[in-house]
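Written out below as structure tokens is the structure these notes cover.
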């Protein structure tokens, strides 16, 4: 059935073609651009849904295009890629609606939405990549397409953030490329295979594999915001809200974490990596990032910077889950990939709403804002509580599995890390919630905009509410088939059980 | 279709084009464009013939190798012809609206002469004939640089002419030594009779020195930036993309077929010079204040990459170098055209206040950006494939230090390309009135930039073409 | 500060010149040694040339090599000459230093005698090229000498002539050469593969056209710029 | 050492002398003349070594090459001289910018 060969490519091309068309749309054609955006997002969602159902039935989807003699461009739908592609297509639809509302009459929108679609194309490409070279190809494409989004406003601050983003990511990309070529030159293949393809080779190569591992993790760590390499993430907060929402909850940061999962699971194989002794340093680095991110978040007054530091620490949960060698912890890490995305995007949407309707950027200005914007703040509360790990929200599920996994893997110190960071999360989210609901609002907001009966434009309000409900749903209906937890279980069974 | 001598047509058609443009200067634009299209068709015909029947040898005058001159078309020369045709067509379209009538009457005959010289050079299998085509190429290029007429264009052209003549004479002395040692100037016969002797080593040194001077490898690159930057834009594009590559092609041909060496000491020296060129060119490009000078120094850097293949000397390394040559030709031509459009629009190409101009030329900036992606070696461009092949060759031959140079060079290129692209995202309003850029100029640049990107997506075909006639030796393709 | 300029600027200091002299003399001795190392007896391609001479249509071996065996080189070479002219013309008009003072009596009378003689000699050189040293380039050079003499005597090509007619004259050499090549291809032969019976006459035709063009090109190059063309249209 | 090699050595000498003059003398006219001297040197080497055929007739192929070389040399010199005049009128000195007398 030819459908099996071309579906993954179709998914990638659906947003690519939309993006290219939008580039050439004149600025004033708002209706067509919005229509195109929504059609593109919905089409992708439908295709992904169709593929999800197919993979659920045990169908094999793979597109193989010749790239180099002996090396193909491979797009394959396996459970791990389904997890990430599902997350990105759902959140892209929601973020597109939000971005249309947010950038109501600002300049350069054709350029923005063009690069916006290209960015999601790259993300989906990263998710569906079937071998390391395809992964690198889309990973670098992601760097190139997100740069224009970060510097979209064109202010001096935005351009400085863009420059720092590029220095980090281009250098990271170079490391990743070096590691990939070295791996390919030694082993002759870069295909992602269950439990990795390095275990069979002779032992003399082990030190080389360790160096290659550090290169790969260095390259991927930049986007996964591991400690020394996270500087760009906080500076990139200056981008418009939909960009920081997409960038930090879905595309860039997740691509890094997803890459690390791919390398550990499908290139090295978890047992071989553990045998090499590289998983423990990775776990320590991730743990350090978790704590560091939360600590820095405590002292940030600017709302988006606090959320950025929270992202730095939350993403490392995923890596921690992987690096703690144990099936249950792996489930926790993998499912957090989706949960963190949904929760964090809710928080960014709300931050965007506050900035757009009331001109609030700092937490100190957020007193009593719950009364003025009840729905937004309700969504914000759900998101924040989810981040802390309060049951029955999604965050609790992933932290629960992470804790259990750490215990049964005998890594007790991880428990303290989890507990400590949850406390810190509470430390920097609860005061905000308290201020929002229980403090007296100031008599006038800095530059308030009125939207008749509603608290803000519907396009800005609906997305956060939807994602908040999703957080709730993923918490309550965790064990329903086709839920993120279900997929995480399938992935770990493939990886761990013989 | 089989018996049409496409090789000869590819050479004679531009010559006929030159004569036509020279005879009726008022209609030189349509005539030139027609000749350009004709040449592209002929190259396609030759390509189809070479793919069908493998490498073609054509004895001119029917006399055969030692006495007469042969034309030889294998995968390597075919790809060089193809890239010359594509870039040439782009430049021809760009120049239809770039020059005002007075100058374009002289641009087209000179440009057609240069194209004829390039095609003759890529097809010739005779080292003396290569000298004549090299000279034809050099003089045409010098005349084209001088076409800009300003003080620095004329001095740049003068210095380029002196350097070019010095290189040619040194090459000719090498040819004399080779002829008087082996009694023939045909490459195949020389390769057959070749054995190491002092005369051969000196000839190799002289010819390589001459060609390195014309390819502007690191210590001998001083003449390139002023010449390429001050020339009129289409001329800078064709100089950086094609003319500099012709002498590299000759060096490649000689080292692959005639000179008896594996990856010996001279190869290491070339690799070292290439590495220094990559870093030196990149650093200087970073410090330039004018866009065209930045691009010219970027050419010096990218040429350095090509020479990294000499010390490795495996078939993957050669393929990587050739692939980089192809994508650099396309990307560099697109970059210079974009710079030309910016210069045409804003009247200046100072990088510092580029932002007033850049944001009102989205197509031109897109072309510059795409071409930049290819020269940075980021996917999905031809540059990435080339960088991948060279990296792979470096690791397989155990000479990993070349890999470090490749990575550092990529970062340096990224630095100066993105410094320029950054200016497209600013809020500065335009202060001075500007001249609208004609449509063919912007679209020609974008087309070539897209070609550079497509080269990255459809890599197997050019790589398969490189196999025809086995120019790079027989060992394992992978 | 480019390497070439570094050398130039510091040329006053003698140590730099000494270094250069040492280097270049080393180069010279190396080249000399290499030249001496070449075999004493080396026929080169002389046997092949004499063997094929009978089919080449001319009896002078150098002209045979120049016009028949390696005719393609000569075609490109006439191209180089025309290219040089186009290059010089693209630089602009005739530089002003050309003072158009009346020529002295000696130059005037002498040039009237010499020019016809030069043209005759050129014709002879062209004809003798088939049997003895001579041929297109020598004849062209002599023709050019006649042209230069006329230019020195103050004669300038009329404005009407220096338009299309001059360009046609300049282009005939290369044009005829390419035309002959093309026609031979149309007849199913290879490029510049003269049929043995017509080889001699074809070579003469090409040489005649070439010498005319070379003469006029070199004379025009002596002018140093593009002659003014009265713009008719 | 027969007379052939004497001429060839003179050719080599001319080539080196021309190279020295090209590098040392800043004035463009002297550089162009130096290029011509180097060219004559190379042509002399080509022609001298052609006489090693033992028989009366020397090898005609190098002779043809030299004729082609001479025509190429004259074209290059013509273009160089015209360019030098333009540089002179444009910049006031027949020198490359780096060797200009300020």
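The letters A, B, C and D name the chains in turn, as written, and every chain counts its residues from 1.
Just so we're on the same page, contacts are C-beta pairs under 8 Å (C-beta built on N, C-alpha and C of every residue); 3 or more make two chains touch, one makes a residue touch a chain.
Just so you know, these numbers come straight off a predicted model, no measurement behind them.
Peer 1: Moving step by step between touching chains, how few steps can get you from chain A to chain C?
Peer 2: The fewest touching-chain steps linking chain A to chain C number 2.
Peer 1: Which chain would you call central, comparing Cα centres to the global Cα centre?
Peer 2: Measuring from the global C-alpha mean, the nearest chain centre belongs to B.
Peer 1: Calculate how many whole Å lie between the centre of chain B and the centre of chain D, each centre taken as the average of the chain's C-alpha atoms.
Peer 2: 28
Peer 1: Where the centres are mean C-alpha positions, what is the separation of chain C from chain D, in Å?
Peer 2: That pair's centroid distance is 16 Å.
Peer 1: Approximately how many whole Å separate the CA-defined centres of chain A and chain D?
Peer 2: So the centre of chain A lies 68 Å away from the centre of chain D.
Peer 1: I need the residues of chain C touching at least two other chains; which ones are they?
Peer 2: Residues 2, 4-5, 31, 35, 38, 42-45, 49, 69-70, 73, 77, 80, 83-84, 87, 91-92 of chain C each touch two or more of the other chains.
Peer 1: Among the residues of chain B, which ones contact at least 2 other chains?
Peer 2: Answer for chain B, listing residues that touch two or more other chains: 128, 132, 135, 139, 142-143, 146, 159, 173, 179-180.
Peer 1: Which positions of chain A touch chain B when the two form their complex?
Peer 2: For this pair, the touching residues of chain A are 23, 66-70, 111, 133, 136-138, 140-141, 143-144, 147-148, 151-155, 158-159, 162-163, 166, 170-171, 173-174, 177-178, 181-182, 184-186, 188.
Peer 1: Report the residues of chain C in contact with chain D in the complex, numbered from low to high.
Peer 2: It comes out as residues 1-2, 4-5, 7-9, 11, 17, 20-21, 24-25, 27-28, 31-32, 35-36, 38-46, 49-50, 61-62, 64-66, 69-70, 73-74, 77-78, 80-81, 83-85, 87-88, 91-92, 95, 137, 214, 218, 221, 224-225.
Peer 1: Which residues of chain B touch chain A in the complex?
Peer 2: 359, 362, 366, 373, 376, 378-380, 384-385, 387-389, 391-392, 395-396, 403, 407, 410-411, 414, 418, 422, 425-427, 457, 459-460, 463, 477-478
Peer 1: Which bits of chain B are touching chain C when the two form their complex?
Peer 2: Per the stated touch rule, the residues are 5, 8, 12, 15-16, 18-19, 22-23, 58-63, 66-69, 103, 106, 109-110, 113, 116, 120, 128-129, 132-133, 135-136, 139-140, 142-143, 146-147, 149, 159, 163, 173, 177, 179-181, 183-184, 197-199, 202, 219-220, 222-223.
Peer 1: Quick one: which bits of chain D touch chain B in the complex? Just the residue numbers, please.
Peer 2: Answer in residue numbers: 15, 19, 22, 28, 31-32, 35, 38-39, 42, 45-46, 49-50, 52, 61-62, 65, 68-69, 72, 75-76, 79-80, 83-84, 86-87, 90-91, 96-97.
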